[in-house]
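Shared chain: chain A. Partners: chain B in the first complex, chain C in the second.
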Partner chain A sequence: MLLAQLSLNALALGSSYALIALGFVLVLNATGAVNFAQGDAVMAGGFIAIAAASFFPEAFNTYGIVMLPIVLVGTGLLGLALSAVAYLPLRRHPPVTVFVSTIAVGIILTNSFNALFGAAPRATPPLLGGGQTVLGNLSLSQQSLAVIATAAALIAGLGFLLHATQLGRRLRATAQDPEIARALGINVTRMICLSFILGTALAGTAGLLLANQFFLTPNDGGVLMLKAYIAVAIGGWGSLRGAAAGAMFIAFFEVFVATWLSHPVAEAGLYLALFAVLLLRPQGLYGEAVQRRA
Partner chain B sequence: MPWKHILTAAMLLGATGAAGQTLPILVPLTGFLSLEGTSQRNGATLALADAAADLGVEHDISDTGTSPEVAVNAFLRAMDQDDVRAVVAPMLGTQMLALLPLATEFKMPLLTVSGTASITEQGNPYIFRFFPGDSVVKQAHARYAVEELGAKRPAVIFQTTAYGQSGRTHLAANLTELGSPPVLEEPLDVAVKDMLPVLTKARQAGADALLLHLHAGPTALVVRQAAAMGLDIPIVAGSAMHQPATAALLEPDELTGVCAETGSSPISGGHPDIETFTERYQAEFDTQPDAFALHQYDAVRMYLAALAKGAVNADDIQAALSSESYEGLAMTYKSDGTGNMAHDAVIICYDGSSRTPEIVKRYENLSGVL
Partner chain C sequence: MQNWRTNAHRLILPGAALALAGYGIFFASPYDTRILTIAGVYALLVLGYQFIFGHAGALSLAQGTFFGLGAFVTGILATRFGLEFHATFPLSILIPAALAALVATAVLRLESHYLALATLALSQSVLLLAINWESVTGGANGLPGIPGVSILGWNLPRGTPLLVFVWIWVAIGAVLAHRIVAGAYGLAFRTVRLAPMAAAAAIGIDASALRLAAFVLSAAYAGAAGALYAHTLTVISPEVLGFGIMIVCLTMTVIGGRWSIPGAICAALLLTHLPEWFRGLQEYYLAANGVVLLLAVIFAPAGFLVFLQRRPDSAPRPPGVSNAAIPQMLPPKTELTVAALSKSFGGLRALDGANLTLAPGTITGLIGPNGSGKTTLVNLLTGLEQPDGGNARLGTIQLTGQPSFRIARAGIARTFQTPDLPAGVTVRDTVAAAIEPAHIGLWQDMLATNPTASLRQRRTRADTILQDFGLAGLDDQLCDALPHGRRRMLEVARAAAGNPAFLILDEPTAGFTQAETTSFGEKLQQLAASGCGILLIDHDPDFVAGISSTLVCLDGGTVIASGAPADVLQQPAVRRAYFGAFHESAA
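Let's look at the complex of A and B:
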């Protein structure tokens, strides 16, 4: 029973990490540079949901599912703004320039949330309901189940978009080789903007999902960004499957090692695992999909 | 304005020579401690609003963020001002440790509510802590768990930060002294989200009480997850649990039976003056006050009282804070010789019907100074 309980918690946590990491990889593939504002996009999703809830009547504002479309649109627009401010004007510069510009945008977002919402931890409404379903000795959080289902649906939707639509093929072509994609008539700038929009919308959704169970403060973005970075490094730099697998690995590792040993050991062990992957299999579990990295 | 009020104000100004003096308020308004820093700022400014006009005290607020360098720069900028006789200093321990040498160099009293034990262990005569330190509150924390709840096998869960380590040391020592040494001492990083592992360990260790020394978010996470997994043992949390912002994260039924130590709990009322303070604070800042706000309010009021009695420079303020006692709203303050001004603690508990706790136990003069 304990094993099942821990696995459910790890799966819910990993699902949210996966959304963040997938968004991170989308931008990485499209631009070849790391978007360090990804963690703050997670926070943006949570705060947009909290702000939106205040405009709804009480019958609706207790359900996160009502806020989900608003979060997707709001963080998608944030992604568009991020690409316009932090990437496109600097695209001819070395990737490290984008690295720095996204850090700057992240800091601005953090302090803006702090000014607008205050520093106190906040919670978003549960997606459908906040209770527990008890099955024998197993206590299933309805929010955890909803998080897993929502993340699975979004990841499946992303997979469908990338692999079964013309738009997805254009996005992948841009990620693989922008110059050839441009020569083939693909509007690369538009595809890059779309990657930012999708990437931040996924992160924003993670913010909505995570903040109900785990709360959020304006300063949490950096930690989540680090988790996404590790997930991508373990899974394979630029690989969408690898990002999802890396996110699950982190969550299961954290939960199980912390239970049998302790949280500090889990934390140290995670970085040792990262180090081992970088040393023994630098391309990550699923291989490397892009050539440049920053 | 009646003539006698004008005359009184003129006498006060004449007595203190206070016209144009500034009280710098250096607090963390951004970063992970910004909730508490905002309380500090609000408490200080509310105290100044009460009496500062009569005494001619203006204030200047600086955000110290989370790094010692920013706090040092803010302090140095504050020292450039014409007439500074004391400084409201940040509650972040690492910033306070960086400011202590500067306080000595400029002979400048620092008024803080920082809980980090070591700031008053440096032999610095310019530090004045108006919030009970761990040596006081952890005594109350352990005593309540053992003497009132009958804990024999407590589990201590603490943050890996300096704040957490300090609390753990005092808590474990007090529990051992009371004959109930902890069966589990588990550190948690502030970024840990899933509390099921640590709660599972506490259950497996056979703990009969959970004693927390965590920041606001992790405290709420532990309380919520303990309720969700049906962990039927009492929880006595650290001072973060008394903060209205922490309680707001939880449903009242999740808070049933949860207790916490703190220096005071203004929203619990108990005295007309505290209730007036709470009402004014809510009206001014549109949020409920916590103990940090109340204690910083008291700190600035004691400084203003020293001015009103004729303190004309930083040395006078330092002398007054070192030697005099002050009847504040939260408690009576008096230095123990190292700058610890607060010696009482309270235990608050939630009854499950609301997010407003009740003070269930008062521990007075725990350090024997008063």
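Let's look at the complex of A and C:
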């Protein structure tokens, strides 16, 4: 029984991590640069939901799902702003420069939210309600199920966008080779901005999903970003499938080791696992999807 | 080193330093004294970070961790064991340096984003340890009651004396950093950073040794800064290991400039005072720090204090002792032997058991259609790719399996189809970096009476070499400002500067005019006459046949003909492979 419940928790946590990691890879593939503000986008999404909840009448503000469109739009705009200030002015510079500029945006976000909301942990409302669904002798958390369903819907939507629409083909072409894409008449700048919007909005949604069970503070961006980063490194730099798989791996590792031993041990173990992967298989468990830029 | 852009700048910096020192010592309030002391601590931290982030060009995110580690070593040893400064300070430097050396093998071979990730995970691990190992570190509460600096029973008073003490260490750190990077060692860093392939394969610089030294140095500086920080604050908590300090350090380094020593110090002074000036913004002042960093990255990627930076290459012309005879170390008279060398890329057999022998002091031409494996052969010979089978030997020295820089040091230099030159470095320094790379080292420069003197000697010798290659008068130009033909000639001059036994030239005349090609050929013949064996790859069969004593034709990854140029060009297989069937039937 415990095993089933833990697995459900891990699956819910993993689907939130997957959203963060997928967003990270979208930006990575479009720009070749690491977006260090990805964790802060998660945090921003959570706090936008918390802020929005206070504007709704009582009848609605216990349902997190109502905040979803607001979070998507809010963090989408944040992504657009991020690309405008931290990427576009620096696109001719080496990738490390973008690394530093997104760190700067991360600092701005962390400290602005700290000033606005204070450093105390806050929680978002559950998506549909906080009850349990009883299935035989299994008692399943409705929030976990709703998180999995929401993340699955978003990932499916992303898959549809990328593989079944003209816009998705343009996005993928840009990710594969911006020069050729430009030569084919694709507006590369617009595609890059769109990648930032999508990537940040996915992260923001993860904030809404995560911050119900795991309380959120404005300073949590760094750790969340590190997890997305590890998921992408484990899954193979630049691979969407690998990122999702890496996110699931991290979540299962965390949930089970934390239950079995303790939370600090789980976290330390995760870093050790990362070192092992970097040392033994620098191309990631699934192989490298993008050419490394020397 | 007095090469500020104008003479006025010579006075600004010492004047400002003097004024600030006078203010700090005689007029500052206790609060200001404390801030100025902390500024000194950060200056030391940033000076260290410049080694890895600036000179080695690697974004390490562990600098804050080495800092915190130094602080904890001092804190633990002083509070729990009652050790004094003369014991705690060296250990605070050594332990972070040892940790850096320990993780370096795993971390430093990674490329930019992986390196950042691995160092970030390292710092999270250390932070986790500090929070959870309460019996030693005091856990989240930290370690209170760290005593001031005491040496052999003598206690240094707090306040102004501590301020002066910290800044003495900053001065020592700055002088040491200057010695390390002002000479040939600093030039080697620039070469590796700006032309990594050529640094290894054309010159023979050991890039991983440089990165290791930079990483350990940066950790040592951070440890020293952390120790002084612990004495200044008297209480430390795991916060000193957190990402906050790393961010402050990164911001200071970006703002002050990644390579400028005065820049590092100014940025440390500026940013420690920023919170005071932004106090009107109340709780938003930390966000304002982020804005400053962002503006710095966008508008002044070389640092806001860029005017303080010596233009890296506006060095004075070396004294006119030109034509100082280059010590003629004649290369050893050995053969370069290639036996059954093979390489596949996926299903494509790029090189399929190639055999080849190059005689010393002669020019061997290598021709073959596109995709016949010429460049693959060169990459295998110079260690940029590893073969699937076969081997290459220089005399009795086994080359296969050796890293690029060792092959280059053994006496095989090369040029590239697209010249790999360090942009922003002068023509003179490009060549100067290639003279006796094995003699460039950290200790040589740190312990030299004058580290810039040996660099000046190298520059003088570089001038002679440049003259020899018809590049005289271009010495002060930047590499990237040269026209195409000159760039190629510079690459050859650089490769020849190390007195190689063999020189491998990959399509050197592409894009040359007829006149340029002719004079280039003459230069090659001179080089060969002086004892240097040359492997010349080119698409112009007349040119190659004209100056080579042996001609080799490669097709489909194997040698299909070799011998006297005229004979090889007559062979039907060569004509078919190289000129196509049309020429065969027409002939």
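In this text, the second predicted complex is superposed on the first by the 283 of 294 C-alpha atoms of A that agree within 3 Å, B and C clash if a C-alpha of one lies under 4 Å from a C-alpha of the other, contacts with A are read in each partner's own complex, and residues count from 1 in each chain.
Definition applied: contacts are C-beta pairs under 8 Å (C-beta built on N, C-alpha and C of every residue); 3 or more make two chains touch, one makes a residue touch a chain.
Predicted model only: the values in this text are computed from it and were never measured.
> Record, for the superposition on chain A, whether partners chain B and chain C clash or fit.
Aligned on chain A, chain C clashes with chain B.
> Would you check which partner chain A:267 touches, where first means chain B only, second means chain C only, and both and neither mean what they say?
So A:267 meets both chain B and chain C here.
> Please indicate which partner A:176 is in contact with in the superposed arrangement: first for chain B, second for chain C, both, or neither.
In the superposition, A:176 contacts neither chain B nor chain C.
> Quick one: classify A:6 as touching chain B (first), chain C (second), both or neither.
first
> For A:62, is the partner it touches chain B (first), chain C (second), both, or none of the two (neither)?
Neither partner.
> Is A:142 touching the first partner chain B, the second partner chain C, both, or neither of them?
neither
> Could you look at A:119 and tell me whether it touches chain B, chain C, both or neither (first, second, both, neither)?
first
> Where does A:189 make contact in the superposed view: on chain B (first), on chain C (second), on both, or on neither?
neither
> Of all the chain A residues, which ones make contact with chain B and with chain C?
Shared contact residues on chain A: 110-111, 114, 223, 264, 267.
> Going by the contact rule set out above, which residues of chain A touch chain C in the complex?
Answer in residue numbers: 34, 85-86, 89-90, 93, 95-97, 99-101, 103-108, 110-112, 114-115, 222-223, 226, 229-230, 233, 237, 264, 267-268, 271-272, 274-275, 278-279, 282, 292-294.
> Name, in rising order, each residue of chain C that touches chain A in their complex.
Residue list for chain C touching chain A: 57, 59, 106, 110-114, 116-118, 120-122, 124-125, 128-129, 131-132, 196, 243, 247, 250-251, 254, 282-284, 286-287, 289-291, 293-294, 297-298, 301.
> Spell out the part of chain B that touches chain A in their complex, as residue ranges.
29-35, 37-38, 160, 186-189, 191-194, 196-198, 200-201, 216-217, 220-221, 228-230, 245-246, 248-249, 287
> In their shared complex, at which residues does chain A touch chain B?
Chain A residues touching chain B: 2, 5-6, 9-10, 13, 110-111, 114, 118-123, 132, 139, 141, 210, 213-215, 217-220, 223, 254-256, 258-259, 262-264, 266-267.
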